[in-house]
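You will see two complexes here that share chain A, one where it goes with chain B and one where it goes with chain C.
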Partner chain A sequence: MAALRQRCSLWLLTILMFCLYWNPAGSVRTKTKIYIDLKTQSACFRTFNGTHQMGCASSQSGNVGIVYYIQKSEDFDWILNDGPHAPYIVVMDTKDFIGDNVRRLYKRSDRVTGIMVISLPPKNDNSSSWPQDGFSISDSCPNDQAGLYRDSKVYGGCKKTKWNLPGSGLIREDLGIPVFALSDESDVDKILKKCFFKFNERDNGSSRGYPLCAAELKIQMFGAVDTEVCLRRSNQAFSLLPGSIICDPMGDKNNHVTMMNTPQNETRANDSVIIVGARMDSTALFTLEYRSSDTCVSGFVTLLAAMEALWRVKNMIRNTAGAKDIMFAFFHGESYDYIGSSSMVYSMQQGTFPQDLNSDRDDLHLHNIDLQHIHQFVELNQVGYRDKGSLWMHTDPDNRRAKQAQIKNMIDGLKAATQGLNVSLQEADQTQPLPPASSQRFLMERADIPVVVVTDHQAEYTNKFYNSRLDLAEFINATDYPPGLTEAEKYDFVTTQAEMISELATALARYLYEASTGVAPDPNVKDTLTANTSTVTHMLYCFLVSPNCELLKEIVPHYNSESLETALLPYPFYVGIHGDQSQISALIYNLMARFTGELVDLDESHCKTDDHDKRYSYLYVQGNKVGSGKDRQGWCIKSLVQDSDAYSPAFQIDDYDWKSGKYSTWSESRWAKDSLKVRLFLVPSPHLQLLTLLSGLVVLLLSMIITYLIAKRSGEIFQQQQPSEQQPTSG
Partner chain B sequence: MTLMEFFGCTFITFGPPFALFVFTIARDPMRVIVLMASAFFWLCALLMSSIVWFAVVPLRDHLAFGVVFSVLLQELFRFLFYKILRKAHDGLLAVSQQTTEQHVTPKDFSNRHIMAYVSGLGFGVIAGTFSIVNVLADMTGPGTIGIEGDSKFFFWTSACLSLCIVLLHTAWGVIFFSALDKNQWTRVIMVIAAHMFFSCISLVNQQSSSDNSGVYMGSLIPSYLLLIGSGAAAFLTAGGSFVNLKNALICRKGRYEIE
Partner chain C sequence: MDLRRVNNTEKLAMCRKYFFAGFFVLPFLWVVNSVWFFKEAFRKPHYTEQADIRSYVIRSMIGAVIWLAIIITWVIFYQTKRVEWGSFGDSLLFIIPYGSA
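Presenting the complex of A and B:
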């Protein structure tokens, strides 16, 4: 027995050694062997206006299709007509992702169930990576139906000038299939190397056989139909339950600041406020891919620089008798039918602008500004490029006829202000209407406000990437750093665009001084009214390259500092939903306070609005660094900066007629955290699948039959031995 | 649409056990109870194996180590179940005689192989379930295996091996219990050795890839050969023989004998 035991243990040991020789393995869930998940969350999502549903969505579990990468134009025919494995998920390069191609694909939803666009930064300065004629998701006549010329027979529909030639109009189309952007290198690697080239690429024109690589694109959107229906569904009786609100109106905050602090118990004369405005937003097709350089950044940075210069002489202006008030206004949501400017005009008409407070109380607040108080409106649109080396001033022909003298003064004044500066302002064709601009909403309600819009195009846009993720900083020379600079050096380097903006901001500040006081600035004042190039380049860096910059760190409260430091990309310029304020409008508010306000000696707990003088807003921010450590001074800034809702009046008016088109009705569908997903996998040939199923059925049937037969006859088959008999072992 | 693959593999793995359950176990409550109890004992063995695996931190990545211990623990629990079943034999007999259920025949207890078979099937069903249910769950999505370079026969092979283990456990149950009844220790050792052999040979599957599907044959063929061998041994142990089989299925002689 001992020998037997010894032999057994030896045998067991051998087996143990034998087995341990095999390669080690970690436990792996089968799912990780089947699916490759992509990181991308840059999806085109569903939006609504009062009458339509637009954007992209997939079925609830995702759209599945065979991956096909378009490399030449014949591939379109393959996908749409000849390919035998429809439906396909199309992968294309940025240069092919233009309106016409996208339309060709999504309109054949039986053959194309999804699109992915490879959106990597180009490795070299290869201009062939971009669509040749530009790309813009707005249509060729942006915001036409929301602007001054919607009913105009002469100027409506861009009859005179098509502003946005590369406009694809995708912003207003219901693509109906999921569309993703791939901006991560590893994602592109996976889909091309591991998926398409390995399994799906045609060899010599004929298709490959199974197994084929497929993708599942999931964009689960909760809302449907249009804004009216979606809001109604959200507001039903059970709206207190989580998950019942399925769409949100778009909106944000407008920022504005006035030079004078006129309280409500004084008078504000008619035609006594100069408004100078710019927009803060742009848009693009994909979430997380909201870039802008010319579309909005060039404009609002110029305005901020001009503001900073102008406020240096605020006491001079305030003390000048009869000086006009100057209001700097920044509008949000202008890409979506002028949400911000229509909201401001509406609140002016309601008497709640700039502060919505009762006027019978005896604490001070700012005197309201109504349309009749506006003396003139100067707007900066896209000002990053130059058209024939110059910037252009546009006016509305009817407006010009009504206010000939004033507009001539404005134009001459602006031209004069550029004297001695390296910036050129010229007049655009007088028969040409205004380009899409926020000031159009003001003219719609009061047609005799003299309006001049300054842009970088004489007729059509020079910007080929208006409202697009391709509106890159490189194109306006805002990031032309010499090679080999560190981030800190890049932050301080004065780029070409920074110089251009400084010149324009200086001209604007000088013009405003004269327009307000009525007197030309003397040489000392002129020198003071020079934009700070360093501040301008800092702003460009912070908004276009990285928010992790000293300028922004100084003007945020300490609890936002970490958000700045961990930001990997510039903050997005998309308006977003009302109630969820974007970083851009919040940062611009703080920058305005910094440039126009004064530091007061209050600590954080006392740095809040005075009970009796509500004109001034108080802001406590980190401030500049002290010493070499992480400590910061802490500033309490007192200023006249205000914000107001950029929230379309359509959502504020009871029983608004959603089909009227009077105000912006844009809203965004809601989605869940895991609603956006792309994964890759193989699909087996239908034959193999059928074979597996059939073999299973055969096994099941056979086993049922055999078991039945044996069970029935089990008595005879299994003859019982008597328990007392010892049988020799058999078998 | 790999839903077809899902159903195919489910039927392959669970078809025969389902047939066995329906035709030999379902009508008899006593057998159902013993089936469930033996399944539970297998689960206990799995629990102990996981504790051992978890406790030995440095060897966690080495599958082989876990496999060896798991096999030994499963056989240990089979032995424990045998002990319990035999001890409870008299009690169960008493219970079954008090209730006048028509279909509970004393045959269940006079023929010790029946409970051995039922307990083996219980072990087998739960072992098979645990080995395939995760794979089945992942099969229901739109994709099949292969994009990371694995063989496309993975699902089919998993199902076949799981079926193999269900039937093997059933056979081993019969052999094991009868060997212990008769104190034939060599047979017990052989069951344990067969189990070890089967588990270790399945480790060969790790070498598979999309170009190398043939590796699966290296585990499938020995496993099925082992199944045929164990099945034959169990068949003979339970009192069957080729002659009886021929008589029962082909000849009509002896069909009307009263048992």
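Presenting the complex of A and C:
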């Protein structure tokens, strides 16, 4: 009998194991039946400066609220005052997501615990999908406290001209609630069709009853308070422990290249370097939703095109006696209190610009450039739009008074360079101060550098979406392709903006030639100094539409090629944290090398900086296609292109006074991989929840009582079998 | 260790050891002392060493109560004032609070 029992149980066990492994029903975790997860990871995150914390965060386990979709303006009042199921998670369209509305909502954190913005590309060319008056997360006077006019009674606080009228100032506010952007079609479908319209929509003004659809928004940020506290806490904990560093300073790399290769053992005269500058970055509220067209792309693409044209005549310039050096500079992190330009000025003052090498050895490196070596500074800001059909040149009134003649030369020279070209440069009002510009940081340390800033606005910004995810390429006509083009055709199509940029770049190159050599270019040289519209339109495509483009594939090392091919969106223009270099600054570095450098016949292992002449940098990249297959030639490019840290001096100086406001103190909180999450679920009425809890307790109580009673009377209920040694066990 | 199997002199020695050890900033030894020897000191019928054991137990209980008061005061003080203390408050932290001051 026992053997039979044993065999039976063995069989049962085998069948059980079999069933566990082969499961035709497919086991499902309970939580997938309760929650609907959204894909979005586009969250507004927490940032700090020396004195405040800004941005968004939720509680560590997430903020829960009933979903409500705002469709008309009365809905705001209903949510804030009348809705009976507070707190709410508000869903709104892009056209409603403006500073005032967001402020109304987040300031009532008892009634609103989260916001989601529907941020889909519009289906038809409908301008009513965008906020009517524009949207920008910067304030109306961007970077005012970090610029030249911060202590100025006349120009400070934008007393003369409010530059950024749509500025909401959200970049500097502590929203305190999680805010997500929904840019995926399926996410929007889930939240509207499956959640809001099905369960939560009011019928005829009165609210629906339970069950209601709720959302949990989680933005779990590690840091708090401000940069000073956050860094102190990061440094005091054991840095080997994961999760002990809780914030990182913002920063990246600046790129620059000089025309001349002046080594340290020659002299560099004072007032002998012309600087041409532009910024590489912009910013927006949501991570993964960084777009920029006018804010930074228009400026740096123009500069790259001018560089490419100018370097065609580099030998003529270098061989002209007394020619001034020309430095093209690209700054990163300018949206956050001029991280890049303040960093460059600081390193100039420390004597470590452009190369941070000690000069006690025989090897050559570039002669340092200090503030006194700067002859003039021409900066390109936003240059994508046109204001009254023209671009505008701005100067600082005090600077203009001090350097009357030089500034007049610059302005006349720039105007003259546009002759015969389809671009117009006019002077802005002379009593108006400089708009927010990287050159302001240079003027703060040396006030008599003649500065001209070229922009596409005469007074207020023409760009209604400065520093915003809505600064789209369509608005500056950079993607006005005729319908039905393939991607390859779009890449080659010369867009309207590409032509506009080419004209401006040509004018800039011609101006720089004359400003450096002192001689107007003769007709042959003028022709050579014409920007290549094909290259310009390629650059616009690569930075605004898709990085999967031939121009970028040529100038990256082979190990980066896959990253280009699998990129679904243009690379982001946000500065990011120091130590984690952005793709934009790395690609611009390589493009600069391509445009200004020479190809040398070295293979990959030998393509590196010479030990004795450190002025030149060597870069090994894929190169152009060979034949029809996937093979590429492989180029070794030798150039004078350098990069330097765009890292605020506040983080480099010991015992820096964080409250002083002297340098940028921006930092970003850290978060974990699963720290950003949105999920939807139904909530029953509080009565039902209470009923469930009470019935559970009653069941618990009853079962305890029954168990006790049974245990007490177990002798009567169960017959005790006396074990008997004499009975043989039946087989 | 089962106290029923230990003779009285050893019990007194242990109680005394625990009492004196508690002075080395070990208030839990006093708590253990009071609980463990409570029955011995107060419930058992009289034996010679009981008076001494009783005195040690009482003194341990007093010590434990004083410590409890000190700890409660410090915890309340720290929890309410740490954020105000800024840098000093942070230097007393062992686990950084994520996402809040």
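Structure notes:
Assume the second predicted complex is superposed on the first by the 674 of 731 C-alpha atoms of A that agree within 3 Å, B and C clash if a C-alpha of one lies under 4 Å from a C-alpha of the other, contacts with A are read in each partner's own complex, and residues count from 1 in each chain.
Convention: contacts are C-beta pairs under 8 Å (C-beta built on N, C-alpha and C of every residue); 3 or more make two chains touch, one makes a residue touch a chain.
Nothing here was measured: the structure is a model prediction, and the numbers come from that model.
In the superposition on chain A, no contact is made by A:Tyr559 with either chain B or chain C. Of the two partner chains placed around the shared chain by superposition, chain B is the only one that A:Glu716 touches, whereas chain C remains out of contact.
When the shared chain is aligned, chain B comes close enough to touch A:Leu697, but chain C does not.
In the superposition on chain A, contact of A:Thr707 is made with chain B only, not with chain C. Between chain B and chain C, more residues of chain A are touched by B. After overlaying the two complexes on the shared chain, residue contacts for A:Ile34 are found with chain B alone; chain C is out of touch. In the superposition on chain A, contact is made by A:Pro211 with chain B only, not with chain C. When both complexes are overlaid on chain A, the residue A:Gln220 reaches chain C alone and has no touch with chain B. Chain A uses no single residue to touch chain B in one structure and chain C in the other. Contact residues of chain A toward chain B in the complex are 4, 8, 11-12, 15-16, 18-27, 29-31, 33-36, 62, 64, 194-195, 211, 213-214, 216, 679-684, 688-697, 699-701, 703-704, 706-709, 711, 713-721, 723, 726, 729-731.
Of all residues in chain B, only 1-2, 4-5, 7-12, 15-16, 18-20, 22-24, 61-65, 67-68, 110-113, 134-135, 138-139, 141-148, 150, 152, 154-156, 159, 163, 182, 184-185, 187, 189, 193, 196-197, 200, 203-204, 206-207, 232-233, 236-241, 244-245, 247-249, 254-255, 259 touch chain A in the complex they form. The touching residues of chain C, when paired with chain A in their complex, are 86-87, 90-91, 93, 96-101.
Contact residues of chain A toward chain C in the complex are 46, 57, 59-60, 220-225, 229, 232-233, 236-237, 244, 246, 669.
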